Amino acid sequence: MDRVRVSFKKHVPLGLLFVTFVLLATIPFYVQPYLVILLTTIFMYIIITVSWAIFSGPTRYISLASAAFFGVGVYASAILGKTLPLPIVIAFGGLVSFILALFIGLLTLRLRGMYFIIFTFGVSELIRHSLLWWEANITGTVGRWVVVVDHTTVYYVMLIIFVMALLITYLIRRSRLGLALRSIGEYEESAAHIGINVTALKTITFAISAFFMGAAGAIMATRWTYIDPHIAFSPLFSFMPVLMAIFGGTGQIYGPVLGAAVLAYLEEILTTKFPYYYMLLFGIILIVVILFLPHGLVGLVQRWRKGGSKRQNANA
Amino acid sequence: MFVAILDVVIGGLIMGGIYSLIAVGLSLQYGVGRVLNISHGEFIMLGAFSTWSLYTIFGISPLVSLVICGPVMFIIGFLIHRALFQYLRGKSESIGAFADSSLLASFGLLFIIQNVALLLWKADIRGYSYLDSSVNILGAIFTANRLVALLFAVVISLAFYIFLTRTRLGKAIRAAAEDPATAQVMGVNIHRVLAICFGLGALMAGFAGPLISMMYEIQPTMGLEYTIIAIIVVVLGGLGSITGSLIGGFILGLIGSIVTYFDPGLSLIAYYVIFILLLLIRPTGIFGK
Amino acid sequence: MLMLEGKKVMKHFGGLVAVHNVDFGINQGEVVGLIGPNGAGKTTLFNLISGSLPTTAGEIRYKGEKITGLKPHQICKKGVARTFQSAQTFAGLTVFENALAASLFGKKRAISVPDAEREATELLEFVGLSTVGAVLARDLPIANQKRLEVARALATKPELLLFDEVMAGLNPAEVARAMELITKIRNKGITLFMIEHVMKAIMKVCDRIIVLHHGSKLAEGTPEEITTNKKVIEVYLGE
């Protein structure tokens, strides 16, 4: 992909990234299994959030279909896991989600704003309820068993998907596709008038974001071992990435990563110690962020940096 | 055969009455205030649970609770709008940005209210029996509470319709919905009208909650499903049309009743299918602009 | 050569007739004005030409080729560009990025990023915005936002340019500068079709003027013919 000069600065040195990656890659060797499992869950949220932000970040179309794409991957894994090797199952999970997203994307050509949001939610819920009805009435058994995979493998697969999703985010951002998507998000009609094929670009980006969600779903299913429509297509998988991305801030690549990491970790702690409080806390965090931190943690970091350079200039 | 039809039709009207109420509430909040209040169902849930508590602890009739819950919800809604959504409106750089941020804020409300309910009432399913004697209408059998619920729903809807068309405040609301800028120029206090509209939306939820609790079992997670149904009815009736929401509610209720007759598990699916088809083919709904 | 041709163009919105049976023709190199009272259907006509809205009936041809029914990005790539009544710049992007996006996507053939960057720089200079390249579009004063819209439209290398009230909201000095820019564009060989309310400018700059009223064509002719046309004077008090 080609490079486009962008107006925001990149401030994460390559060396730091490399060290972090090595750290994450070798963690299973010197850390408790419980932590590996925790990290896997956090990666799941990060992947869904980062993927969500690939499309919804620049275009400002809030998609609530994440549960559909994730769930499709989960079910692909459950259905195919017994007969196909793991890498194929994961690729398949991603691919089916990709196709579903293409289909949904082409359907929603004319829907914008609120209509798009409720439509994507409606589709997710329709899939969930239809599958539930199908299992209850046609096949007779609700839910399925999934082939078990050891937690270290699951961790590494998640890590790989995470790196890929982050890489794609970076590449798109710096490419002309990224500029086109941001133009669409700023003013879609103008974007169309300067030659951007809005429909095609929206749809393909939507599908790319779905691919990673599906892949993540496919591998997560093996962690849960038993899945049913409520687990696979839970509306929380649609709401959480939105919350996490807003909290982290969509202005920079690390925003969704940070937002998802913090909130996923918080959720883990809270659901074990104070299960009756985590929704309350998340709700308060969301409202506080909307009111006072519209650019999320990224905005906070940028303000702090500006304050730092101001202080430097004042002293110079 | 005739009894079956009567069963379905009256059953549909009963559900429709509730659907109309909650849809009108949401329509007011969205059509005028431009807030898609995804926590609407949580207000309904609060109304339902308050009624349950008042009945099981103090023996207060749900019909009396209705008169209490409605206004209380109105006040809560009004205050929330003033404190939260009005502030957001001032801070947003465009209508689109406000729509997004208010939707997200209402998500936050959903989480908070549902959690509060979980803390107060725990996660169990609750119910109580009130006016559950059977009434026979030409062969179709209904419990009295359902018929009373229908009666109240219709009366409230009618009263509200008269309010909107005959009173000064009602006309101000309709003016603000049509053309906020002009309305403001004509002397309508837009900020107060918007807050009142949001409060009225909560009022409808406050009325619907007790009625629902009379007929069904309730649990703290019940809210979202009602919010979705309200959204579907509003889209069906047409965004911005109160009449549309009223009529749409009854239409959806009837459809639900018909589908339930054949397979209860399919009713929600039927709603979603209708919803998606509407958005694809005629997003403006029946009466929308 | 006939650059743009409209035959019996109609647009209905339910019961409301916005554009009714309008015929028009624009020749290459011309500067044609489109005037009429508010609500006459001028912007709607532009929306029909640029593909923003579908026609209810009638045909629009660009260089002989039918463009009714095409999508805006397709029409843009053929060589038709437009600006909007309220400056619809990419508010959160920088001035440079606005122009760059148009350079990258607006032409029939894809071009490389370095070439697009060079073009964008040249264009910003052409319209006089080279000093504010790094400024966010939303932080520009209205006059500069309009210039940015012009730069963006020019970046797509159009042969026909539709200007929708470029001069609205400008003070007399800014209007004069805008007119200079229009002359510069005209000298580049680009055909101009412009909606305007600023009468002085229209009369000075246009070869021909079309007058719309209630969606129909009321009159058409040179500026002198239009200013002396009884029907036009009745309906539309000029300055």
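Read from first to last, the chains carry the letters A, B and C; within each, the first residue is number 1.
As a working rule, a contact is a pair of C-beta atoms (placed from the backbone, for glycine too) under 8 Å apart; a residue touches a chain by one contact, two chains touch by 3 or more.
Fair warning: this is a prediction, and the values are worked out from it, not measured in the lab.
Visitor: Averaging each chain's C-alpha atoms to get its centre, pick out the one most distant from chain B.
Guide: Measuring from the centre of chain B, the most distant chain centre belongs to C.
Visitor: Quick one: most central chain, C-alpha centroids?
Guide: Taking the mean of C-alpha atoms per chain, the most central one is A.
Visitor: On a C-alpha centroid basis, what's the spacing between chain A and chain C, in Å?
Guide: Computed from C-alpha means, the inter-chain centre distance equals 41 Å.
Visitor: Could you state the distance in Å from the CA-based centre of chain A to that of chain B?
Guide: Computed from C-alpha means, the inter-chain centre distance equals 32 Å.
Visitor: Starting from the mean Cα coordinates of chain B and chain C, work out the distance between those two points in Å.
Guide: Distance between chain centres: 47 Å.
Visitor: Flag every residue of chain A that touches chain B in the complex, lowest number first.
Guide: Touching chain B: residues 60, 62, 107, 110-111, 113-115, 117-119, 121-123, 125-126, 129-130, 132-133, 136-137, 235, 239, 242-243, 246, 276-280, 282-287, 290-291, 294 of chain A.
Visitor: In their shared complex, at which residues does chain A touch chain C?
Guide: Contacts found on chain A: 2-7, 176, 179-180, 182-183, 185-187, 189-199.
Visitor: Spell out the part of chain C that touches chain A in their complex, as residue ranges.
Guide: These residues of chain C touch chain A: 50-52, 71-73, 76-77, 81-82, 84, 88-94, 96-97, 100-102, 104-107, 112-113, 117, 134, 152-153, 155-156.
Visitor: Per the contact definition, I'd like the list of chain B residues that touch chain A in the complex.
Guide: 36, 84, 87-88, 91, 96, 99-101, 103-105, 107-116, 118-119, 224, 228, 231, 235, 263, 265-266, 268-269, 272-273, 275-276, 279-280, 283
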